[in-house]
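Next come two complexes, and both contain chain A; in the first it sits with chain B, in the second with chain C.
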Partner chain A sequence: MAPWLITAAISVSLLALVPLAFIIWIAVQTGWDTVSALVFRPRVGELLVNTTLLVLLAVPIAIILSVALAWLTERSNLPGARLWAWLCVAPLAIPAFVHSYAWITMVPGLHGLWAGVLVSVIAYFPFLYLPISAALRRLDPALEDAAAALGLGPWRVFWRVVLPQLRLAICGGSLLVGLHLLAEYGLYVFIRFDTFTTAIVDQFQSTFNGPAANMLAGVLVTCCFVLLGLEVLVRGEERYARVGSGAARYQQRANLGRATIPSLLLLLVTTLLALGVPFVTIGRWLAAGGTDVWRFDEIGLALGQTLFLALAGALLATVAAMPMAWISIRAPGPLQRLLEGCNYIVGSLPGVVIALALVTITVRIALPLYQTLFTILVAYALMFLPRALVSLRASIAQAPVELERAASSLGRRPLNALWSTTIRLSAPGAAAGMALVALGIMNELTATQMLAPNGTRTLAMAFWSYSGEIDYASAAPYAFIMVAMSLPLTWLLYVQSKRMAGR
Partner chain B sequence: MKYKLSTLVGATAVAIGLIAGPAMAEDAGIIVYNAQHESLAKEWAEGFTKETGIKVTLRNGGDSDFSNQIVAEGTASPADVFLTENSPAMVLVESAGLFAPVDADTMAQVPQDYQAASGKWVGVAARSTVFAYNTTKLKTDQLPKSLLDLADPSWKGRWAASPSGADFQAIVSALLQLKGQAATADWLKAMKTNFTAYKGNSTVMKAVNAGEIEGGVIYHYYYFGDQAKTGENSKNVALHYFKNQDPGAFVSVSGGGVLASSKHPKEAQAFLKFVTGKGGQEVLKNGTSFEYAVGKGAESNPKLVPLVDLQAPKVDATTLNSKKVTDLMTAAGLL
Partner chain C sequence: MSFLEISGLKKHYGPVAALAGVDLSVASGSRTAIVGPSGCGKTTLLRLIAGFEAPDQGHIALDGEVLANGGVAVPAHRRGIGVVAQDGALFPHLTISDNIGFGMGRNEDKRAERIVELAYIVGLDKAILKRRPHELSGGQQQRVALARAMAMKPRLMLLDEPFSALDTGLRASMRKAVAELLEAAGITTILVTHDQAEALSFAAQVAVMRDGKFSQVGTPRDLYLKPKDRMIAEFLGDAIILPAKISDGFASSSLGRIAVDTMERRDVARIMLRPEQIALKRTSREGMSGTSDMPFGEVTESEFAGSTCTIAVRLLNNSDPPDAAAIGNTPLILRKSGMDAPAVGEIVRLTVSGKAHVFA
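Right, the complex of A and B next:
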């Protein structure tokens, strides 16, 4: 393994740890008395209760919903299962704050915990649906047959054989949903539900980088760690790979019989809530706004800047993930696991925390980097590195090292050999990873607002500024464009998850 | 197909980089940290550019984050001009010694009441505190006589505000100056039990209009702005002016200043001169902002209650303390 690769991987991980180190440094600098006065106060308690209840309610509901939907679309003879499956992924194309914007247009008084739970489940359940349906598709039916042959009825087979095999998918998906719940800002502002993230932004708006904001960030980071730890605990270490020779046969789809209508109804209602409400609202506001809201000069500029940031950020994240992905496939070991862990931890930090750290660091000790394109791209890379890493690793793993060796023995120089084999083979996976990162950047709001260079106005920023002045009609074109640009990317996600399952 | 996809992505990336890269890097002219409403600042910037040919780049944000940001940036701040909605933010930057004196002929365009005695910043517009109420839920005789009445237990659950906004924090800073720290802290504590928090004054008014809440403490122009558009969010709303020199009759001065570290001081001063002069103040009268004009001889929109009739309390805008206010509000659990 080339030493420069290891050096690169280590430096990326060290860079990734900067925001964390920053929070600890600020806490130490602020002094214990101030820290405890800012952390142990009733307001933080309120926020903690809000945030905890939100996670405890929304995650289980999303799990139940996703398992039901995944089973119906993958394992039953539901009419139009493929279409429904795609419709269950599509809500991801709608930024969470657009979901919320749609809901408060439909139900203006909507607010508080239950509103938060409702909109969160609708906005984020696809994160659970995707891995669960992929896992269901891969299950070997032989296990279920064995259980049935031993006398278990269909329900008990599901409980005792199918559900336990979904554990990894459910854990991973829940973690992702939980982290999004902790990090989301716009969604909860619309429905007036205060979480740590909204409170941090409030403090930022009142004091810029005051100690209160940083201490709230510290508590929020602790919450993220608790989630990460919980996931590791619950995940367990059972073996899930199938034993036995040959390929698993195709699963039989269960006959729904009289349950067909209620099942269809469940999917219909979910689709209406998750896709119908946003589309109808955006359509309504577009109709109300007429041609006036299509200010093409403004929209064009925002679109150009958003695309530029999204692509440049995606490129940087992919390049930064490359050494790590390479090492984890070609030379896995304890060092690599440690480094990778660092990246995942930082990837789980809310954008607001990373932005707060970078703002303060650049303004205090790296002023030439302050408010530059470079800094915001670094923030994006840190936030979305795991997305790039996962896709890259999978695609590098699929490129056999033997091809590279063959190319070398046929006389290609090392870099040349690499280029003509592994890099080409892993390009589609890298492109998919880039698309995922770009999707994240396109819909990012808080970090962009805090870090963007002067004169920047992305689609999300424009949407937010108009909806803040309750000019919902002028905000609608921006929502529409964000959704329209994200839809193809979610299609890519859907296709990729199919491919992972080999079907 | 595989190669095509990656080539396509690469080609798009390059193409967009070529188009958007320059768009992000073009000459910025003067940089204005703008905490005023984006639409108003844009009208000012466009009018100024038309008159002088000097380009203006706006960075939009809020009073408090910008004032603290400028202090954190110190002399390295990229900003040339700072525009606010309220004066506490101006005071914060001034006391950090980061403002250059405003040109004398700019100061001469604005009455003494609406500028800093130090000459470091100048008023560009003004706004009045109001109690916006739902006309179907409250009769005129049920309205609070004073802002202080809203701390009374009888008002529990009946009024709203946007405590995270600089607007409301400016009102609290006036209360602090008029009634002192102890009274303000008590009032804030009572507020925490009595009120409902919304984010943004527009949202408060929307909730009042929908009858979610009986009334809210906001500024006057949200109502007039909405009435001028569709009136959809204000058709059940009326404004109550506290008057009688009550803390709730506070008139807040929006300020403008030139940063001492500005790399374009001449252009920055010219911008302030334009904003406080005839051209800039007429935008207030004829535009959609409905804020009060403060320039000498400048008229405000005729739909507004005239400034002189508001019986505002005498508040020294140059000593409003934003840091103390956020500390008190954080202590009361409002932030």
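Right, the complex of A and C next:
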């Protein structure tokens, strides 16, 4: 069974490398003179400064906010901690460009760097909050006890024992937030803040797949690699797992005392900004638009198309991730690490780069495939492969290999044994992974716009075209449906992060 | 005079009483062991002494200083009490050297020298100081945890089952080494364990805990030979418990006339013997005749386990003890040396040395 699984995994990884190979191939084909003329110019410098400042400001603020929120909800006796914990994850249900839409219609003058930082932090801090709160829950309280017994007060215990152990979670979350900042398009268009992604889309719309757009994509990919490298450097070779054996004692929650009111205020303000603003805005536009904005034929069509794309893409991504996930658990080794590395690197590429690559390749090599269902589904699978892989791997890891062997020893053929044990047991994890991929596809805008067959109009596309015409009221139903459909999925994310921490 | 003084300590977790009134006094420089089955509240007691939690009621004083009184408690970091946890609780993000030096000031005088010295005292090689906790074996991790706790020169050292994660051979040697080390440093020590042999061999004072209370406190010898009740007796080791009639310092039971540790007179009583008080001597069925008032038995089971051999002996000339019906003729279970143990079917003569203990 192993050979065909490995072949499948290698093919998926090679396919995943196509966009990256494309960038390099284009750069080589264009020639150095043209490349340097296109890359070393003031416009690119300006974009680089914008993007760098955005990352340097938004990520640290998001880290501080998330650590504070995670500590309050996980380790203090804050009233209603469970509810607040969910409210800290819920902003993920709102697509970033809907956040931006909400802010721009509430504060029309909002634009520029600080607006970008504000909306980015609000839209993306849950990506940090989730791993940090999970790590806090997993920390062995015996370490904090030991530090206290050695004479450290509560603050110093936090700085010297708790915070260092959150490093992995903070690194991983920061990387995720940073990559989203690089890849996001809609959010920054609303507040008129230029990043590489917005510039690439602009170029693409004006000159189709000219070299200018491709070279900007090359710089963007380099930025992504810088982030990936930084994360590897900062993360280091640390190991933060519990050293001892046995179950950890239940953690005690710190008594907030007089700090309760300010703490509640912090959570209240965060929730108002991250959930209150979008919900109030959507509600206001829905009220203003009345029944006229609910054009059910149009909405129904968009909903149907979105659901179809989301489910088909999720299925494809999960099937593609299956061999990889199985190998990484059952037969780990250098080959598996290499293949997995390929998948993660491609997963960290912005959708706009993958879309650009697929557009150029289909137009030049396989024109019949240009703007077909096949191409858009492949793009989705490439973009969201890591999401599917992570969930699948976690659930396969929980299905003991002994069961597979037992099934074999009871006379099942290898594939049958795999199907009746591991795949059955990992089905819930696979379903969760599919749901997360579907969530991503549902709220995807850039790649869908560039690759989808003519006549496609997903919820996100419809929302985008209405809000582009400043018809905010007509856009509101689409925003509402996207949020309503995403909310259950963020609940799933929340539950999954709890389960990963063993509760 | 007592160094640590605990009185009326109570702690509830919701409706569950983890501690239901504990009193204990510990002499300066001594070693005390608290032993009990899991869930008896011993770890809670340790956590209250360390200051990780505050008691609901009761009083803890160390060297005359009140540490806890009712709900008011001095926090752990101001107590100067060393703690070695079950699995060491080493900081995984720090090297061994930084773990040991964690409680010292960063610019403290001769910090590096003291770390090396402490590592030496607990028997750690200097070479491992640069390593990380996960690269060490369980025994080494425990030594690091001990060195780390000793670095702050604690007034009192609390050991929370520190040896339970180690394998059997290492456990005994580690226990001995730690006992000698703390004795040499003159540090008062409290050990919490569920292993009765560990408690008896480690400490000068042993407290048996059950359901959040101490059921008996005393020297290891007293506890082993004169337990207050059957449960303590069986918790601390194998026990043979027999019905007997007592008068004039002797008991008459199915094992014949045995000296007891009381002069009172009782018609119905229970006596306890430790199996090692009973010696077996091979004989034959013919050898039984003519010797009255001398117990004989037949070996009904023999289970060889290397150095020891567990033997079941059914008494033959049962002289009807007071409430024999209640007990029946259950065989005595004895653990004997594996060498030359009698085989199944052999007839043995039983002789008792020492005195039997009479339960109140």
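Quick notes
The criterion applied here is as follows: the second predicted complex is superposed on the first by the 502 of 503 C-alpha atoms of A that agree within 3 Å, B and C clash if a C-alpha of one lies under 4 Å from a C-alpha of the other, contacts with A are read in each partner's own complex, and residues count from 1 in each chain.
Operating definition for what follows: a contact is a pair of C-beta atoms (placed from the backbone, for glycine too) under 8 Å apart; a residue touches a chain by one contact, two chains touch by 3 or more.
The structure displayed is predicted, hence computed values, not measured ones.
Of the two partner chains, chain C is the only one touched by A:164; chain B is not. In the superposition on chain A, contact is made by A:145 with chain C only, not with chain B. For chain A, the partner touching the most residues, choosing from chain B and chain C, is B.
When the two complexes are overlaid on their common chain A, residue A:455 makes contact with chain B while staying clear of chain C.
In the overlay built on the shared chain, the residue A:48 is in contact with neither chain B nor chain C. By the touch criterion defined above, A:487 reaches neither chain B nor chain C.
In the overlay built on the shared chain, the residue A:252 is in contact with chain C alone; chain B does not reach it. The residues of chain A lying in touch with chain C in their complex are 140, 142-143, 145-154, 157, 160-161, 164-165, 167, 238-246, 252.
The part of chain A that touches chain B in the complex is made up of residues 38, 41-43, 46, 108-109, 189, 192, 194, 199, 202-210, 212, 301, 304-305, 307-308, 311-312, 315, 360, 363-364, 367, 370-371, 373, 424, 427-428, 430-431, 434-435, 449, 453-456, 465, 468-470.
Contact residues of chain C toward chain A in the complex are 47, 50-53, 75-83, 85-94, 102-103, 132-134, 141, 145, 148-149, 151-152, 165. Only residues 2-3, 5-6, 9, 12-13, 16-17, 19-21, 23-24, 28, 31, 37-39, 57-62, 64-69, 71-73, 76, 78, 164-166, 169, 197-200, 202-203, 206, 210, 212, 233, 326, 329-331, 333-335 of chain B touch chain A when the two sit together in their complex.
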